[in-house]
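Read the structure below first, then the notes.
First chain written, first letter: the chains are A, B and C, and each begins at residue 1.
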Amino acid sequence: MTDSAHNDRTEQMEIDASAKWPVLVFFASALFWLLLGGALQLIAAIQLHTPAFLSDCAWFTHGRIAPAAQNALVYGWGMNAAFAFGLWLMARLSATTLRHGGWLFVAAKFWNLGITLGVLGILGGYSTSFELLEMPRFVTLILLAAYALIGAWAVTTFSIRNTENVFASQWYLFGAAFWFPWLYAVAQLMLFHTPVRGVLQPIVNAWYVHGLYGLWFIPIALAAAYYFLPKILGKPVSNYYFAPRAFWWLVVTTAFAGGSRLIGAPVPVWIPTVGTVANFLLLVPVVIIALNLFGTFAGRYRALGGSVTLRFMLVSMVGFILASVCNFALSLHAVAEIAQFTLFAVLRDWLVFYACFSTAMFGAAYFILPRLTEREWRSPALVRAHVSATILGVVLLTVGLAAAGWQQGQLLNNGTVAFGEITRAMTFWFAWQSVVLGLLLIGHLAFLINFIWIASPINSRGTAHAEFRNPPDLSLPEAAPEGHA
Amino acid sequence: MSAEPDKNFRLEQACASDDSIQQVHAQLRNAKPVKAGHYPFLPLGLLGLMCTAIFLSSTYLVHYSIRFDPLVYNDHASREAPGALKVAVATPRDLGKRVFSNTCITCHQANGMGVPGAFPPLAGSDWAQGPEERVIRIVLLGLNGPIKVSGTDFNSAMAPLGSVLKDDQIAHALTYVRSEWGNKAPEVKPETVTKIRAELAGRTAPWTAEELLKIGN
Amino acid sequence: MKNGLILFFGVFLALALSWAGLLLAAQQQLGSLGQFKDPVEETINPQPMSGVAHEGLLVYQDLGCVTCHTQQVRREGFGADLARKWGTRGGYARDYIRDQTVLFGSSRLGPDLRNAGSADLHAGVDAEYFYRLLYAPQSVAPGTNMPAYPFLFDVHPTAGRQPSDYAVKITGKAAPPAGYEVVPTARARELVAYLLSLKDTYDYPIEKSRNAPAETPKEGGH
């Protein structure tokens, strides 16, 4: 037992050592974009209630800054963090080191180059105006080439795995790794390279956006949850027997659910109907996944006291449930009639991207980075600041955007209310949004400082060396004793 | 079980090795959740949920997809198959209105009132509602000289349109004029125009009001 | 799923099914949707937009107007789009076949623009109105949070040159100082030409009849 535990620990250290530099580079890039994108997002939010803010310069006009912020966050922070986490987890669960990590540096450089050009392109006026595809055309090949390297690494690591069994996290990672490039490439082809005509364009766009959120960000967040819960709680995932069904059901229905973004639009009505139907069916995997994850937590909530990762994972799981509920609600015509085109729709996407995915990545980072750098987190105060800011921010923004969106929708549907009146009524909520985004940004800054201390030689003498215990083996849940007399 | 929780958050200790996580879960995947002596509700409950979801979804899909018709954008539109397309047919009046709008409107104006002192009105005009032989001749060969229309004197020239307009165009335009702006005169048929055009073959001079008043009753 | 190959095929099939079922099927249905010739009036709709308007569409994309404005009119009975005079009827797919880039939009921080150029719906809306809106939104739409676009205009002194024919007349707080005039740049003119070209006035008879609301059944029950 001791031997195998020792071997496990050694092996994990080898894997971590091989993954150290690529993962750190991806995390560092991710953090850079998180802060830059967050700053741009804050400027865009301020412009909603103070339109004169920075509006004189064409580079900062709202129509350019808002998509620039969104792309910087999604492709800069989101994708880089997902790469960092995904590569590390794939290596760990495949029980193999990350070979030839140097190529991943190249990939990271090209990915970041592409995003930089893309964001600058949007700010300079070359936006394509399609949601989440605003980056100009010349960026596409750079991003796909960079991704090809990363995706090839993930798939290769998986295929040379030393393990017989494939765990849930690996299904989700593998799936996500496959889906993103195909979603992106097909969308680029059908919108820009050989453009489809008329209303087919928004249909392709809706398919892509829903696919990006539901088939990349959510699976990565779920991969994190399925891994870290048993890892930290020392208890197997509850009702794991149903997890494969949840995976397939989630995947097939999410792929069709994009049409629900087009309710009431001038597209053939079967498309939003199919989207709504897919969202109904999504309730089944959401229930199973909730059973899996919350069931694992059951009875162990005390462990939250000592684990940052678990706290973030819990927020992520709640975010997942809220996002699914929000998605389901918006696919009902009665709700869509009011809440479409409002801040409520913004909430739907923000819950997936931030409340579910970003928090999962924060939790993962707090677990992974000490293992890569073999150092401890230096400032518990900053950790606490980050956690509190995030939890408070998620709660406040969820409540705020939901209330704001609902009010906005009702005013929009009242033909007698002048548009200026609607804007005046919403000013309070716009200000609320700015404040909360500022709060979240402060939390991210706290994280950045801790990251710099742990990952770079800056002030490194203050950061202690980390001592890891050998993790014990997981055991099967006890079978109930035989009931016969 | 987790060790002493580190309230300082400096480090996350793992409580399970990766290898054992994978092994244990692989076994769990193949083991149905059975508690001896208990009837497992969860699988049945989930099955019930799946069936309900599929049933409700199918009903919704059939009800609101409206035959998967690409031209329907209203989820509350009729689900019946559309009948044969009723092709809108342009009536002679519609066609005549088109000719009028292209040709006659410049002088006689859209409201048929003409221009006082220059071009006679058609609205309420005794000439326009008069015998069709006269109006057809006017359109074919034009009219010069003084003419009294509905009590007002006019003295100008109307250009001949026989070479510009076809017979059915002339007939439809006249039908339009004779039934618009309160005019009540019978329609003009294209055959009549053809007949009169044949009768007039050889004549190129425009008419005078005097000549026309001798024709028709 | 021990077998990575099964996982791969399943994952591939999941996406391929949705691509075929949603996108390919939609393309088959809508890809060859054509213009419609009215049998009576003999007009052909939708008309393609003029070259200047097309340039304006590019400016619209460049400035990211789609961030706050939608271009999809919802049907009667679903929201208040028609009551707000954003259109005379719900939108049809055929309205968009001549648009090079279809910008539905997903956020109504500002009004829907699909019929912004329709003089029937919006009395008094002309090029001058749009220039004022772009230069100083508050002057024509009080209470709006639309940003100003001063970089689309050239404010220069009139001394030593002929006053421009295109100068925009702005009064009130946003008016230029005495001796200055505000002249729209080419980009502003193109954008306004595009906005003025936005009108879906024709009601296609086939779509109109197929989208008519179903009559409620006379006898109860479905």
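Assorted remarks:
Heads up, the rule we're going with is that contacts are C-beta pairs under 8 Å (C-beta built on N, C-alpha and C of every residue); 3 or more make two chains touch, one makes a residue touch a chain.
As the structure is a computational prediction, the values presented were derived from the model and not from experiment.
Comparing chain C-alpha centroids with the centroid of the full set of protein C-alpha atoms picks out C as the closest.
Across B-C and A-C, the chain pair carrying more C-beta contacts is A-C. Centre-to-centre separation of chain A and chain B, using mean CA positions: 48 Å. One simple way to say how far apart two chains are is to compare their mean CA positions; for chain B and chain C this gives 21 Å.
Spacing of chain A relative to chain C, judged by their CA centroids, is 32 angstrom.
Multi-chain contact residues, meaning those touching two or more other chains, occur in chain C at positions 26, 29-30, 33, 75, 90-94.
Among the residues of chain A, those in touch with two or more other chains are 164-166, 244, 265-268, 274, 333.
Looking at chain B, residues 68-74, 77 sit in touch with two or more other chains. The part of chain B that touches chain C in the complex is made up of residues 68-74, 76-79, 82, 85, 87-90, 94, 98. Contact residues of chain B toward chain A in the complex are 1-29, 31-33, 35-38, 42-43, 46, 49-50, 53-54, 56-57, 60-61, 64-66, 68-75, 77. Those residues of chain A that touch chain C in the shared complex are 47-49, 51-52, 55-58, 61-64, 66-67, 122, 125-129, 131, 134, 158-159, 164-166, 171, 174-175, 178-179, 182-183, 186, 190, 195-204, 207, 211, 215, 244, 248, 251-252, 255-256, 258-259, 261-262, 264-268, 271, 274, 333, 337, 340-342, 345-346, 408, 412-415, 418-421, 423-424, 427, 430. Across the interface of their complex, chain B is touched by residues 26, 29-30, 33, 38-42, 75, 77, 90-94, 205-207, 209-215 of chain C. Interface residues of chain C facing chain A in the complex, by the touch rule stated above, are 1-2, 4, 7-8, 10-12, 14-15, 17-19, 21-23, 26-27, 29-31, 33, 60-68, 70, 72-75, 78-80, 83-84, 90-97, 99-111, 137, 141-151.
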